[in-house]
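There are two complexes below, and they share chain A, which is joined by chain B in the first and by chain C in the second.
Let's look at the complex of A and B:
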């Protein structure tokens, strides 16, 4: 993680504040910072989203392409994640510096989408063992302000919601299959994102745990639990991260609040995405991609 | 020091550098820290799985290396060897399921028998969840099973690492899609398994130490 260095006194200040349910920016332990989310910004993609969570800035672009399915799963499409930690975010990421963090985010994202129940990948297959849609999900990290995993997962979900797949009709003539892509750019289908998870990171600081830790809080945290939670409260991936260890009772406490917050976040996110969608072309872009 | 854990059909070989090699000096000067450092390398032998693995480390093995590192690092007294590092190499010779859990247990025995100070042993345990049913220590075929008769196809796999006498969870990883209650139940069951395994692992370690001193 892109760590900042804090003195002991600063750490104690943060830890004591959290004990009293009062964090350095005035939030309580279960509060997220303000988010700014926009979708459909990049013209060359099939779906895109930009998320700003306080100082964390993430841009996700999804491109759909027609390819051959994997031989072990001939009748499903697939998702390919790629995360790039650019040196714009912090000088530490220069060269190969951001690679470890990028792989970590990438692995956890693909773990949380690995279950077949999350997305209907079967509907993305056009001709079994010949043609399917592949979603290339590229996550670009532009600025680090803590809580990168949660931010990345929210942006990915928003971009998937925004993704439009062209309708294709297939005509089978003897051996060859012929594809006809619709001429109408509005003749598209969407993928159902109601079961996709959001990642919730719970950082253990002192005797309490917080969600959406800022960079300073991350520096005080020895162990965190990350869970991918769906809207109905199912868990699709979970991992403990960090150099410390956790008490079994605090693990179950953290899982409880992770589930509660995850459900709420999923619900609110989908609501806001639908609201933005309804505004259509009238909506104003507020970010840097104007 | 080497330790080999042999389950019914799981072979894991772990080598932690002992006196003959170190804890060795950190290779690059800029990496020197006042706390000891631990590195882990997890590798499946090319012939260890059902399909052949590439000899170079793939992304799954890299992921497992980080998981293993996170599992055993909290148990090692890092302040006892400043400026030095301990390397843990895990090679799975035959994989019949629960490889990560076996590797965690095995690595902690190897580190302990290499004479490196530890707060506690780390015991790994894993469970496969299918619907409402929980299977402890799944075999390879159980790991790859999903319930075709269940429309929701709920299930997943959980691995935890526990420091039994301190009662601390050092590692927890889950993949799949299950309800919250079943997951909490599975976490509890895995912890209980670790506590059950602990005396056996302690005895083994005791035997290793006794054997070592017999030869001197």
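Let's look at the complex of A and C:
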């Protein structure tokens, strides 16, 4: 990861601040930084979102394609995640330099969406074992300002909310199935994202844990717990990361606050997405022009 | 000829532009805070983000360093969702490698490389939406075939620093096409120059007020 180097004194300053529930940018331990979110800004995708969380910038594009279902799950559609760490974020990511981090994010995202309760994948199947919708979720990391996993998951959820699948009518004539994919941009269906998870990363710094760690705080953190929390408070995936260790009681503490913050984050996110959608066509897309 | 023509009888292109007209360009500088320099440019539907790091010490293999000039290191990648059909890889395919080489060649000529010996400048370009060349075809026109000439110039001195032609073009037309391309370069230059000037005056005003207040 694109780490920054801190001196011992700088680390102590950050750790002491966190102990007093007052972080270097004035936040308390369970506050997020300001987010900037916009959906539907890339016109040749089925759904897209751009998220800026302080200095972390993420762009997600979703393309839906008709394909054959996997043989082990003949009656469901599927999600395929792909993460690319752009060299724009840091020169270390040039060539294959960002691949490790990208795979890590990709795997955790697919884990957190692997639960059957998250999305109604059955509704994405058109003809069992023949035809289903596949969502290609492409995450592009453009700038690293800490807390990449949370940011990626929020952007993915927003892009899924924005995704429009063309309606398909199927006519069965003896052996052949004939498909008619609607090309009317308003004749579309949406998917229900109310049960999709957001990833919450809790970083253990000193004796306390914080959410949404900045890059500097990440440099002080030895162990973190990442959990994918849905709006109902269910955890669909969890992983402990980092070189340090955690004792069981602090894990349960972290899970408690992760669940609470996760539920709130999901709720707020959906509220804002609906608010944006209500503006409808009057809304001007800003993109990177701000 | 059956099917579509690139130019209508009235001399308009498929999207209603005249032959020499560029699509609308919008540009912003300082998109990223961590890069040493960054810009975003939008031309019609083409959207590109660029970041520059350096000049800094040569990274990786030290042998790369040049004793008399700076190493220009470019990378062009396309977002996997940028094209009509989804791409499998953001870079490493022929088109991105070719673009990387074009960038490398252009900037080796454009930058005064002798000013920073033994160091390196990184130029990273991320294409977010279907790229087209600077002479500005739209995607349909590009895929339609026909000869294509790519030119990059230094607008102040009128020097050509990059030139490439694909396809077949009669010699007699070459001068006219080149003139048109150079005029196109100048048009783009004027737009970008204005944005740069605006950005600099805005930044310096901000710095000035910071000094006055603090």
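Here, the second predicted complex is superposed on the first by the 283 of 290 C-alpha atoms of A that agree within 3 Å, B and C clash if a C-alpha of one lies under 4 Å from a C-alpha of the other, contacts with A are read in each partner's own complex, and residues count from 1 in each chain.
Operating definition for what follows: a residue touches a chain if its C-beta (ideal position, glycine included) is under 8 Å from a C-beta of that chain, and two chains touch if they have at least 3 such contacts.
Values in this document were obtained by computation on a predicted structure and should not be read as measured data.
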A:65 touches, of chain B and chain C: first, second, both or neither? second
First, second, both or neither for A:287, with chain B first and chain C second: second
Touched partner set for A:248, first chain B, second chain C, both or neither: first
Which of chain B and chain C A:146 touches, first, second, both or neither: neither
Chain B versus chain C as contact partner of A:237, first or second or both or neither: first
Partner chain in contact with A:117 - chain B first, chain C second, else both or neither: first
Touching residues (chain side chain A, partner chain C) in the complex: 42-45, 48, 55, 57, 59, 61-63, 65, 82, 84, 86-91, 94-95, 136, 138, 140, 142-145, 287-290
List of chain B residues in touch with chain A within their complex: 59, 62-63, 66-67, 70, 73-75, 146, 152-154, 156, 158, 162-163, 166-180, 183-184, 187, 191
Touching residues on chain C, where the partner in the complex is chain A: 26, 28, 31-35, 38, 40, 42, 45, 47, 49-51, 53, 59, 73, 75, 77, 79-84, 86, 90, 122, 124, 126, 128-130
Chain A residues touching chain B - in the complex, by the definition given at the top: 103-104, 107, 111, 114-118, 223, 225, 230, 233-248, 251-252, 255, 259
